[in-house]
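Chains here go by letter, A, B, C, D and E, matching the order in which they are written, and residues are numbered from 1 within each.
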């Protein structure tokens, strides 16, 4: 099984931002998307995750095998760390949240309400969520935002563990992750003559 | 004029997180706060900015001379970039938003609604806000989150410009900013003794 | 010094522990005497028959309901001015008691209203303002329960209590005005007061005393629990700090 | 599914939502009406059935924007959509949770308030029955509306604007049932209509709502 | 100050708030009542004044949580508090903006709806006057409530629970004014009371609200 993206064009706000992106991702592989702010990383990841339809090209991947983590962590302030995590575990039908908790050293925080966590602690919880999805393909948008060095290292461990277990990871980031992975620079794929392609335009010109 | 912090202890959620922090900041100086996630950087900055009262110690600074920028950017999605920026300019009684716009190369985005910006573009707008406050002391919480290399450099320029104009900057961050500034590691100030001082505790044990 | 030292939780715990048994005992005595006397050893009223005896529950509870709110107002003020935790905790502890009293007054009143006015409920200004008081109690409690940080909650609820009191008085006046001339039953309660004969009156006094004491007892108990919960919280925080 | 339901209930109870509030709101609205209309019990009992129904309806309305907006803002909606849950199921569960926290308590509370507005005793059982039959429809329709407005910040007012017209039939038949009962007419027709509406909405709207969410997210 | 006012108005107009919606809600509520109460015009005109006032009140209520919550969530409240604006002034401006976007249009709209509920013509001018005098109080009180609940996610329902009892006097005097006008009694007393309440709230509540916000932010 693998994730194959074939000259994908994706749009945001009715405007095509990226064109002809293609790459493939096999078991145990990771790809890091790079590119200046606003090039379209988030848009691309959302398209691949199936949150929005592609303008052109296609994303080939087995059903129900992706897990997406965006800029927001999707935590419920009033619920405790454990409650937040075990909810997702149940949704994805994964039994055990212990490994996720101890990998990110969330042990002392388990009974803390999510709203009482610091920015980085929230992020750690958000990342721990990925481990309870049990999905092979992880799609991460700027995963290490507001993590300190130690936790970035933990994140690296998690990824390499996931990869060595035959998983795949697709990440967008601006800072070094310390993971050996192919980097894909999106600059060349920037849509040149934007409006042209969007079928909205076609329809009206 | 200077910012002087004398053995400040600050509290979050009824729990003292930092104790005895003291440092001084003179014109043209910058201090970078460092420390692992959850050590209390945000709490300290909020206390210094006057958003929450200190548990002990005091913050000495002239009236109305601080500008604070937290984890959130305080942008209004439905308003355009210009509207957002000029609102703050009016609030602080600053005439001209042009320099801020062009420093962060926001020119092409001026008429874009803030909600249509990418994460990094939002951040740039949030930082541009500091320039229209006209306040000498800037308090920045993880300013470069989700900025790409180029924009981090721009941020560096802004800071050094501000400093050379006799301003001061107090920043919390996890990543290198490429600014020559004193770093203050908060680890040693972590509150050890239980919440003895908080009058709640005293009163109840 | 003086009274304020009881605002210190330690001191309060000691004293309240000492007082509690006595207040409890007195409460029992007064209530038993008052209610038994009232219910079994008073003649039926010539006009109302035995229903008149509801007065022994109704009036005391109604009075308490109002006075408890006043007490909360005072303690809240003390908190805002002198920052004594115990006083605001007392206010917090009092609120549920107040709600119960209000409910008792409402229900007994309603039961009484059925034979007297031939209806469970009249929009009599007094009853109406009582309903509003009930709403204020609800709001106060809801706000307490909605806020995590206890000091924040204390401050906000106290502010609400102040503003609320003003509006409660306003509403009382408004209700009087609103129902003027539209509805005879208006000051029925008061009229009855006049011809409550001594036979009914003496036991009523016992009931009143009983209810006051009951409130004091419950208040002390609940405040103690509140303080204990606070201590628990403080201990939790210590643990966290250690961790 | 079950996990989601439990989570929503937990959140409703914790985050200042929950049973208590919608009840309190219901109470307050019914108390306000007499202040506006005047204390004359004759008129009040005339309008009681209508007021009670409108009150219940508004109490439902006020808690609608909770249903999806929070999940949208903190990003969990994205995650739920990519999770192995059928979106239709998710919508249904959300609607059910909403009913449990508003519709059900309202139904149980209604008779007490009916006393305040001295509704004719003959109406009491029918009031409860009509509410029990009608409120699920209110929750389901409301969820649909919430799905339509999920993208919009504080769509609350717009939401109520979209939803209220959809509530009209339910309201009419519901109030009609009670009025007829009070006037001693036969109540089967409006009750049947009410049941029909509820079943219809439960059967169809989840799909519409799911579609709306998919569109809102892209 | 002015900048803030303009921004709030701009946001209200853009972000699905604005004049339109509160009006529409007002309209719908007043339209729903007849559905609930039944078409008998006699009863309707009896209850018209009350329904109109309650409707206006609810329309105000529904837009309250907007006042501070959005600013709190996106962090601009922190920035405004640290900005060179007196917090009391900020609160007052917010309340004023809220009144401009809800109370004012409601007042102007009311007569039209009064026709729908065939209110006695004698009441029309007094309806407008009483609303014009009363709605500012509603906005101010509402702002206070919003300040109390600003920290809480989706405090909407709790907010209404806190605010509605505070609305009671305003409502009573407002509706009373219209009813008296219709019955041909003298209306000065309730009007004066109404004016008094409005002035009092405007004079005092900004300070309470500002205090509440400061407490909420720490």
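As a working rule, contacts are C-beta pairs under 8 Å (C-beta built on N, C-alpha and C of every residue); 3 or more make two chains touch, one makes a residue touch a chain.
It should be emphasised that the depicted structure is a prediction, and the values quoted were computed from it without experimental measurement.
Undergrad: Using only Cα atoms to place each chain's centre, name the chain farthest from chain E.
TA: A
Undergrad: Which pair, C-D or A-D, has more C-beta contacts?
TA: Result: the pair with more contacts is A-D.
Undergrad: Among the chains, which is located farthest from chain C on the basis of C-alpha centroids?
TA: Between chain C and every other chain, the largest centroid distance is to A.
Undergrad: Between chain A and chain C, what is the separation of their C-alpha centroids in Å?
TA: Comparing mean C-alpha positions, chain C is 56 Å from chain A.
Undergrad: Centre to centre, by mean C-alpha position, how many angstrom separate chain A and chain D?
TA: From the centre of chain A to the centre of chain D is 37 Å.
Undergrad: From the mean C-alpha coordinate of chain C to that of chain E, what's the distance rounded to whole Å?
TA: 32
Undergrad: Using mean CA coordinates as chain centres, what's the gap between chain A and chain B in Å?
TA: Once rounded, the distance between the two centres reads 28 Å.
Undergrad: Of all the residues in chain D, which ones touch at least 2 other chains?
TA: In chain D, residues 15-16, 21, 24, 28, 34-35, 38, 73, 153 touch at least two other chains, as defined above.
Undergrad: Can you list the residues of chain A that touch 2 or more other chains?
TA: 71, 77-78, in rising order.
Undergrad: Residues of chain C that contact two or more other chains, please.
TA: Only 132, 135, 138-139, 142, 146, 148, 178, 240 qualify.
Undergrad: Within their complex, state which residues of chain E touch chain C.
TA: The contact residues of chain E facing chain C are 144, 148-149, 151-152, 155, 158, 161-162, 164-166, 168-169, 172-173, 176, 189-190, 193, 197, 205, 208, 211-212, 215-216, 218.
Undergrad: Using the touch definition up top, name the residues of chain A that touch chain B in the complex.
TA: So the residues of chain A in touch with chain B come to 12-13, 35-38, 42, 71, 116-121, 123-124, 142, 145-151, 174-175.
Undergrad: Inside the complex, what are the residues of chain C that reach chain B?
TA: Result: residues 8-9, 85, 148-151, 227, 230-231, 233-235, 237-238, 240-242 of chain C touch chain B.
Undergrad: Where on chain B is chain E touching in the complex?
TA: So the residues of chain B touching chain E come out as 46, 49-53, 64, 66-79, 83, 87-88, 90-93, 129.
Undergrad: Over in the complex, which chain E residues touch chain D? Could you list them?
TA: It is residues 15-17, 21-22, 24-25, 28-29, 32-33, 35-38, 43, 46-47, 49-54, 57-58, 62-63, 65-66, 69-70, 73, 149, 152-158, 160-161, 164-165, 167-168, 171-172, 175, 179 of chain E that touch chain D.
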